[in-house]
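What follows is a group of structures, each given as structure tokens.
Same chain, two partners: subunit A is paired with subunit B first, then with subunit C.
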Partner chain A sequence: MTSMLMEAVKIELGATERWPDNVKLYQQYQVEQITFPDYAACLSVKTFLHMCGLQFTTELKVNAEEMSPSGRVPFIQLGPFLVSEMEPIIACVKTRGFQLCSELTDIHKSEMKAYMALIGNTLVNAEHYLAWFNKDVFDEVTKPRYGSMYPWPLDGILPYMKQREVRKRLASLEWTEKSFEEVCEEVLTCCQALSERLDKQDYFFGKKPTELDAMVFGHLFTLLTTDLPNREFALIIQKFDNLVNFCQRIDQKYYKNLNNDY
Partner chain B sequence: MDEDVVHLNVWPGEWDLPSADPNCLATLAYCRFSGVPVKIHKDVNPWRSPSGNFPWMKHKDISQTKVTDIFSYLRKQKWGSDFNLSVKQSADAVAFVALIEERLLPGFLHLWWMERDTYTNITRPFYNKATPLPFKFWIPKRYYTRAEQTIYIGQGSQNISQADIDTKVYRDAKDCLTYLSHKLGDQNYFFGDMPSSLDAIVFGYIAPLLNAPLNSNQLTNHIRTFCDNLNTHCCNIKREFFPLSLEEQKAKEKKKVEETEDTEYPNKKRNMILAGVFALTAMITFAFVHGIISIEVIEEEDPS
Partner chain C sequence: MFRKVKCESQPNSEKNDTRFSTQVKVDRVVINGLDRTKDDIVIKQVEPLFEADTFEEMLQKSGETEDRLKRLGIFKQVATVIDTSKGENASENGYEVNYIVKENRNVSAGAHAEIGTNDGTLRFNVNSPNMFGRAERLTADYRCDNKQMRGFGLHFTKPVNGNTDVLIGANAYQAFNEFPWSGYTEKDRGLGIDLSFPSLIGIHNIKWEGVWRDLRCSSNKTSFAVREQAGHSLKCSIIHSLTRDSRDNAILPTEGTLLKLTQEYAGIGGNAQFFKHQVELQANKSLFLDSVLQLSLAGGVMRHLQANKEIMISDKFFLGGPLTLRGFDLNGAGPCSDGNALGGDMYCVGAVHLYTPLPFRSGKGGLGDILRSHFFVNTGNCGNFQSLRLSDFNKDNLDLFRNSLRLSYGAGIVLRLGGVARVELNYVVPIWLLPGDRVNPGIQLGVGLSFL
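Moving on to the complex of A and B:
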């Protein structure tokens, strides 16, 4: 998948234009269909591309998940290549000569990767936990949304199949044994670490945005703005003023002139 | 006071390390760093540990079996090596622990459980030896399944082939080692001159990679060639916090002498005797067949 694809992309580097006009980002329908963990991932990638100043169009597809080479959204189509998920997309964009963290020292780069892993390890799993295993959220939001584009009886069956898949993945990471309180505690630890690292700076590593900023924005902004029956995570994030301000700042800077087209 | 002693059940040691399991090793290191009065038991009966896993810490009436939980419990008891970290450094420690869990752990598990050589020659014999009798029939198998799940289900989805996951986990693990090496730089410990919980966890993973008799593998090679400071970091911790006691050293030397004597011809005496017996029988049979020796049976005349 990604590894082989990346080799191919590297070979292709230099042969074609740096960033073609017709780059497309695929995801599910934004208003009706997409679930919020997927949406957070999409928003991270979009913010990252905006930060790099790259043009792309968003394509909405019912079966974006099945179209993706790794089975997860979002994925971008760049010339003849499909690249999915945050890390490979960052690597791919780098081979085209666009990079946000080129000025960072090795130590800062390592720290950036560590915080990105923290989000991937904690916030992403917590989002899945909330979306698929919190009864209220699953019944009222996740299940109807996930099945919304499919006819009966698929709209009832597919969410449960997806739930089983997510359960298997979370179980392998020992997350299914956690109670909701423990998950909240994990989120709190994660936000605390992020907030302490951000401190009073504009971005996590000084004056310029990095991919970590894109990722933090994608996940925190989604959790803050999504209207869920269980607002526990949003309440936790709101305890940290600098994180909330950070989200507003990025929102202003990158999405205001797009007419808030996330 | 007996009450104030923390009881710790861990997997037994191997290859000059106090324990062979990364989590147990990390916990032991953390306890040594912060001087926790700890009593170590090498009893790994999974029915006695509340979650069936080790390390299992017991202090007064409280039991913990996860490394991070044990650390935070000890921290609450004012035992800890993290008190002199700044807020930002503590945040970094949390992030790097997450990095290790996400990037290094799958590759590490793959090396110990999925590589056939390591599994049959090191991992499996170790767990077979360490686990008490009825449990050894299923406990190693259970760990194997868990490692398999962490690697293949935790990492990918059904669209990705196993071979791709294999390359990915090793690439991730090597990246993670490089990041750790950059973070360490030329300091003694990750956050200056005092060891912290992050040092303990890194030691837990790196020490088995460097000390076990592993075949040439990507991770050890990567540490030796590109991350020499991690190598030094691990040796320093081992030398400073886990020096071998005199008895252990003697036992080790004795074992070494025995091994050098034995390894060339492990059953020298027995083989020599067998060969002698075989040669003698062959010669006697030959002599009989060719009539060189013959036995005449002379009936003794009845004296009467």
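Moving on to the complex of A and C:
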């Protein structure tokens, strides 16, 4: 209890400094190692930080996942603080006075939260399902990539340990009982909902980007551009022209001038 | 030895010295009480006995044989009976040596529970000293605790060719270790094969070891320098150690020296790559009034196999503790970050002890024999080398080294616990320390198997 209180006090005290120069975002090696569900999570956070106009550098670490306080990537190092995963990072950035959704009405804010939860509950689980339980994807992409930076025999053991961990999590959400068709169905429903919300607007809530835009971009762009043996998810997303255009637009706007350095 | 030998043939032989040099011939050796044990391994132990030519030699060799049989570790009891040989084939001056042995139980098992303030641990162990009848020893243990940490160990040893000095062994284990001084926990899974054998200069042990380490930060407060090293690593190494021990007692020696050299080369597969050397020296000298002067020195150095790469924290040297560099907390001296010890690439430590019996010889013949008072000065250093080239050992570096030495002195009581461990209660005054060191001046209590 005391340590939780201390933690809260520390965050409050630390918040006096706006945004230090040496903020670092940690993730696994992008080209050789990172699996696409993790990559989608990292891209969401990076897009969010870019949208806020905050400077940071990306640190590539083989052990980023084990270094992370929550055991998941990405995490940011902000002075003495380590904050991991999308929502805590959004909350932490907010304490520093940066917020994308400040102009939204309360109704829109809760709507945005609902859409973000939708992505967290369907798209993220579907990505894990595809990466770890689709045989072709697991054997050809996920397994070799996840083990790539480790010596034999760990390169063979660690992917299976991770698979077991993911299975445990998905099983508690009753996702392991689903067939691949049912998972595709979920993705389709999710995309439909997003497509309807976006309609013909530039961003989900009008003219300015929000956290939801960062998250949608992170996941959809990853699924659209990752070369997988099973392109089912990409095909589903491509049915929705406005979502594809949305991804291209954000890519143009935030990553063009970074020379597509995601 | 003589007590157990029953010389039935010549009742007054002991009184007559010339009898000892009488020509004899060992006709037969009989071993009674074998059950599981295979004949060949026992025959190898008794074979030298047939070479005895004189009575004295026979007594000596039968004693040595008894020792060898005991060293196999498979007998509860070994008794020797020497008799004149009788019967048709008996030669003149023929003797018969009988060994009456009792085998250990084939499997013994134990279980015990430890309960601390916050945790409880259950341990089970099974020990089989003579698995296949040739002194193959298998020990297995399993432990679990209330934090869902399960560990096990399997250890197998076998004398090579019936020779108890040459042992081949194999082990496998999984263990959870906590390193609170560095703020991390580690789950180790390892395999090893080793061979130990004596040579002219001492006892050698050559070991191949493969360990998969999974290092995790134990809390949010763990220093980032430690956090950076979290994750999986694999160490595959060859370790050679040489021990030459002429001390009369391992815990509280009065005479003799100890030399221990260890080299570890990690880099045959795996991603922990280093070459590590360690040396330990100890010399003891008896002085007046049963007091003993002891000088101990230890040191080690390691390098990464590739330039400019860091060695992982799990492999580094740590210094400090109530039984090594007294006056400091456990591993409390050396490089650190945010209160977490990071370890160094090199260390050295030296100690001078003066052991004396308890004041006024109290407890003599009883508790006084396992207790000693001692006065000590110890000094040491643990850090990172910038460079190992000899040309860099100039005055500046030497000054730097001298300025980073720690020193403490004090006095206390030492208790020998069984034949393996020791307990010390000391009053220590650390006088040279560096910022960041965790110091423990005043009364310090230490219990442990390794000490300096």
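Note that the second predicted complex is superposed on the first by the 246 of 262 C-alpha atoms of A that agree within 3 Å, B and C clash if a C-alpha of one lies under 4 Å from a C-alpha of the other, contacts with A are read in each partner's own complex, and residues count from 1 in each chain.
Simple rule for what comes next: a residue touches a chain if its C-beta (ideal position, glycine included) is under 8 Å from a C-beta of that chain, and two chains touch if they have at least 3 such contacts.
Computed from a predicted structure; not experimentally measured.
By the touch criterion defined above, A:120 reaches subunit B but does not reach subunit C. By the touch criterion stated above, A:111 is placed in contact with subunit B alone, subunit C being left untouched. By the document's definition of touching, neither partner reaches A:31: not subunit B, not subunit C.
In the superposed pair of complexes, A:69 makes contact with subunit B and with subunit C alike. In the superposition on chain A, A:189 makes contact with subunit B only, not with subunit C.
When both complexes are overlaid on chain A, the residue A:199 reaches subunit B alone and has no touch with subunit C. By the touch criterion defined above, A:152 reaches subunit C but does not reach subunit B. Once the two complexes are overlaid on chain A, the subunit A residues touched by subunit B in the first and by subunit C in the second are 3, 69. Interface residues of subunit C, counted against subunit A in their complex, comprise 212, 214-217, 220-221, 224, 227-232, 234, 269-271.
Of all residues in subunit A, those touching subunit C in their complex are 3, 7, 61-63, 65-67, 69, 77, 82, 150-152, 154, 158.
Those residues of subunit B that touch subunit A in the complex are listed here as 87-88, 90-92, 94-96, 98-99, 101-103, 149-150, 153-154, 156-161, 164, 167-168, 171, 175, 178-180, 182-183, 185. Of all the residues in subunit A, the ones that touch subunit B in their complex are 1-4, 68-72, 106-107, 109-111, 113-115, 117-118, 120-122, 165, 168-169, 171-173, 189-190, 192-194, 196-197, 199.
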